[in-house]
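Note that chain A is present in both complexes that follow, paired respectively with chain B and with chain C.
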Partner chain A sequence: MASLYRALKAAAILAWSAFVVAPFLWALTTSFKTANAVTSGPTYLPWLQYQPSLEGWRVLFRSYGQGIDIVGPYLSSLFVTVTASAVSLVLGTLAAYGLSRYTYRLGFLGNGDITFFFISQRIMPPIVLAIPFFLLLKFLGLLDTELGLVIVYVALLLPIAVWVMVDFFNNIPREVDETAMLDGCTPVETFWRVILPNCKPGLVVAGLFCIVFGWNDFFFAFTLTFTNTQLLPVAIVALNSSVTPWWSLSASGLVSVAPLVGVAVVLERYLSRGNLAGAIR
Partner chain B sequence: MSGNAAPLVAEGLSRSVDGEVHLAGVSLSLEPGRFYTLLGPTLAGKTSLLRVLAGLDPAQSGSMVMGGRDLLRAPVWTRSVAMVYQQFINYPHLTVHDNVAFPLRRAKRSAAEVDRTVRETAEKLGLTPFLGRKCSELSGGQQQRTALARALVKGADLLLLDEPLVNLDYKLREQLREEFVNLFSDKGSTIVVYASTEPLEALMLGGTVLVMSEGRLLQAGPAHEVFARPASEEVARIFNDPPMNLLDGAVSDGELILPGGIRKPTAGHLASLRPGRYRFGIRAGDIRVGGAGVPVRMELAEISGSVTYLHVSLDGAPLVIQQAGVHSHALGETIVADVDATALYAFAEDGRLAAAPAGGGEGGFRDGSWRESS
Partner chain C sequence: MLRSRHLFLLPGLLALLAIILFPLLFTIRVSFSSWDVVLHAMDFIGGSNYARMMRDTRFWESLVRLVAMSAISVALEYVLGFALALLVWRDLRFKRFFRVLFLVPMMTTPVIMTVIWRTILHESLGPANHLLGLLGVAPVPWLSQAGAAAASVILVEVWQWTSFMFLLLLAGLLSLPREPFQAAAVDGAGPVRTFFSVVFPMMAPITIGALIIRLIEASKMMDSVYVLTQGGPGTATETSSYYIYIRGLRDFQIGYASSLSLTYLVIMIVSLTIVAKVLGRALLGRS
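This part shows the complex of A and B:
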């Protein structure tokens, strides 16, 4: 029975892996194909079934003929995502600690209402915010700038950071804070030396969410920028002309996924290790 | 341990939360180097008092001074206090060694001194084999030992223990309690306050007992004295497990009249009672089964360790009798019970003690004798 169970489990994992990995393999092979090879039916083996070409990859760099520059948007995307995520994580963690440990009164609103206010930002459809954000950035003179996008992304990512971190802080008994203070820590030292080190998995989860949401955003990058600033998702869509260039779309898709895969690989071990070490009881 | 040898004097500490009174004007004076047991039932305000003493919660009125310093205005992290909670509270991201070292490092002790002190304390508490482990990898008992080591290591002026054994299993509780007696015998000038709901613990740990109920301090004094001469009915009830039996009765014509037609001569310590109505207190162990007694009706027999607690009805009044050994009784059965008049307490109608037996009664748990039967 046990071996049958193991076999079934292995089969299920294999099937799911294939399901997840297949699109990447498909994109990888397509990115090395020419227009003819793409339209002549499904082929997978380079040199045997089709002649590989670097055409799809060359288009991504300005130096090559009528291609588009993907390096600029790539760096812009990296800068905007990393900055906005870092700011959101710092502010969100501090806000979450406050909401978890102190009592606030805002008129008739209490801690729960304030926390919900943060989360509710993510409940409404993003399009509702498009015009307010547009007008705000216009007023600030930050339309079509990286700084403007950072501000908008912080507004979008902060709720995620607060939401994740409040939960983690609430799972640490208050008595741990109290003990730290009895042991001579000021409230700031308590947060920095005792609470934060115990929330590493939370920081990883919140950071991961921020980076993924920020990196993948198309809507605000599209509506709030025009010519000076362009983020990667917008640049990739701009590749699409009268003829769909499947080869360069595939190449740019792989390039845009790469950093997230990198982040996931690096942080994954903190996640699994943190889940075990974070158990408090 | 600590060089500061000043008493902690608190006057009229009060605290209520959302209209609910947690402390109703508690005044006490705690001497350095003494051991105090804060005894009271659940919700008596023990934890509230400890938290105010620690500076974790503010008192709404009253004062708390130690060596000329106003403690109510001092931030917690500038105070010299250690606290052990009911729950096992440690720093989960640190090893046992670093947990115990934490307060010393915060106090900027040298690395060599930190390491030496941590190892000494760990040895005393049997934690040496676990120094390299994370607290989440320890059993409950070891976690609480770690918390205790961290509280002891810094030699604070005030060491507060809030029912530290209540979440441990019975065997471990017994074992740690015995170790406590040794641990706290060498407490230097530290004031130790140990909160407990168990009368037995107060007697075993010795020192001064502070009996608390409903946010008030009812009586303070050496544990055995308070046990032998509870100032009021309430103290007598709190300081006995099972709670002291209380029977409405009267004294008239040199005779003591109890429910169920029990009549006893007012001899010995009862001779000074003036005629009138009283409530008489008798410990479960001072009622004997059999002999020249009165009939009582069995309602429940509860076997606990090597004794049996008989819950009976004496003419409608509930009574608990402690019978040595394991016995089985049928419910509804009528047995004969005899109250030992030399062990009777008498309380006036306002609840205050009117007469107490010399030596505190026969069925009391004096020193080790009670432990065997619990």
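This part shows the complex of A and C:
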């Protein structure tokens, strides 16, 4: 009975693992195919079933026209994601600390309502914002620029940073602040010298969430940029046309999702330590 | 007077207000105008856009479809995500390896993975039909037949987002206190009883949170639709966001699309609030 239970458990885990890994393995093998190997039907094993070629990978680094040039979009994506995440993290952490420690009144609105206002922005469907953002950035002359996207992404990521950090600060006892104040720290010094150094887990988790959701956004990059600025997902999806080069599509897809696997490793570490629980309740 | 406590809240609050408030007010105003590709003007045509919307069956059908597809996806994600979280919760060899592996899909860019799924589901050149063929299953028209196309979108959504549900539920499981389990073990409760009378009730608040978070995200469903089926065949997989995108940023009927977006937003907020209340009452026994 116990061994049957364990066998079923192992089978379930392996089945889901296979489902998770399947698209990556398929993309990996496809990335070494030529046009002929793709159009002759699905094959899986290089050398045995088809002659592998590095063409799919080589075109990624050629200039636009002869290839796809993935380096430019890669750097743009990196810049936009990191900048927007950093801004959101700073603004979000400050706001979350304030909301956790002080009492605010905005007319009839209290702390709970303000926190809800921040977090509720996640409910906003991108399409609702896309049209006005398009016209706003056009008015500001920021359409098709990286700065324009950074501004839009801050609106997207700030709620995530506030969501994670408010809960994190709520779990730090107020006595910590009070002791520091008694020792003569101003509120700003208390935050900077006493609270912030103890916040690394919260900051890492909030930062990672910002990076994941920033790096993975497609819709705003797609609607608000055209030729001057191109982010990675847009560049790759642009390959998805009637005659799709499956090989370079697979190669570029793998290159672009690879760094995020590292995020999963770090996030698992914090998860296993139990740093993630409270925010969901 | 500006005190130091304001230094904490105001920068973030003002930034968000500045970025969000203009689009929202603008959308409300534009929804009462006939702004389109010909006439770029903020005229006032009263409620004509809203009257047109009431007759626009394509919009209402897209809403029904969105509700059905997101409800099915989130339900599947919840059941699978909970099962996976339970599997890697306690003693297991290579536990942390599998936890990382199960987290990977939510980290990867949805549109890029969807493009790869599109090659997998290709009807003649993709491995899905090939492998099913080896098992003697007839080729499935994954993307060209209405029902199968909707199922394909759900399949991709489930692949992508079960890991997010898994993350939230595993974080919840890991935060549970140990004593109730020891008590259950002392009482001789088996794994099934322990689950239904200890784990599930204790996980109720996390279940509600996780379901709501995923429903919010699923209600925006459009990237996977855009890449996989472009709403097709016909309008079989067209979600509300995608339909509004077609009207607004492809046909450039800014005025009409704005009235659709506002309606969509209000319907989403109202229905998600109701869902949260109902779930709260059902699982926590309070309103």
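The rule is short, and it goes like this: the second predicted complex is superposed on the first by the 235 of 281 C-alpha atoms of A that agree within 3 Å, B and C clash if a C-alpha of one lies under 4 Å from a C-alpha of the other, contacts with A are read in each partner's own complex, and residues count from 1 in each chain.
As a convention for this text, a residue touches a chain if its C-beta (ideal position, glycine included) is under 8 Å from a C-beta of that chain, and two chains touch if they have at least 3 such contacts.
Since this is a predicted model, take the numbers as computed values, not measurements.
By the touch criterion defined above, A:Phe116 lies against neither chain B nor chain C after alignment on the C-alpha atoms of chain A.
After overlaying the two complexes on the shared chain, residue contacts for A:Leu99 are found with chain C alone; chain B is out of touch. Once the two complexes are laid over each other on the shared chain, residue contacts for A:Ala155 go to chain C alone; chain B is not touched. Once chain A of one complex is fitted onto chain A of the other, the partner contacts of A:Pro173 are limited to chain B, with no touch recorded for chain C. In the overlay built on the shared chain, the residue A:Thr186 is in contact with chain B and with chain C. Taking chain A as the reference chain, the count of touched residues is higher for C when chain B and chain C are set side by side. Touch criterion met: A:Val194 reaches chain B, while chain C stays clear of it. Where the contact sets of chain A with chain B and with chain C meet, they give residues 186, 277-278, 280-281. Chain B meets chain A in the complex at residues 54, 56, 75-77, 79, 81-83, 85, 87-93, 102-103, 106-107, 134, 136, 150, 154. The residues of chain A lying in touch with chain C in their complex are 5, 9, 12-13, 16-17, 19-23, 26-27, 30, 38-39, 41-42, 44, 91-92, 94-95, 97-99, 101-102, 104, 114, 117-118, 121-136, 151-152, 154-155, 158-159, 162, 186-188, 191, 212, 215-216, 218-219, 223, 232-233, 236-237, 239-240, 244, 246, 249-250, 253, 256-257, 260-261, 263-265, 267-268, 271-272, 274, 276-278, 280-281. Touching chain B in their complex are the following residues of chain A: 172-173, 175-176, 178-186, 189, 194, 197-198, 200, 277-281. Residues 4-9, 11-13, 15-16, 19-20, 22-24, 26-27, 30, 80, 83-84, 87-88, 92, 96, 98-113, 115-120, 124-127, 130, 159, 163, 167-168, 170-172, 174-175, 191, 205-206, 209-210, 213, 216-217, 219-220, 222-223, 227, 240-241, 244-245, 248-249, 254, 257-258, 261-262, 264-265, 268-269, 272 of chain C are the ones that touch chain A when the two sit in their complex.
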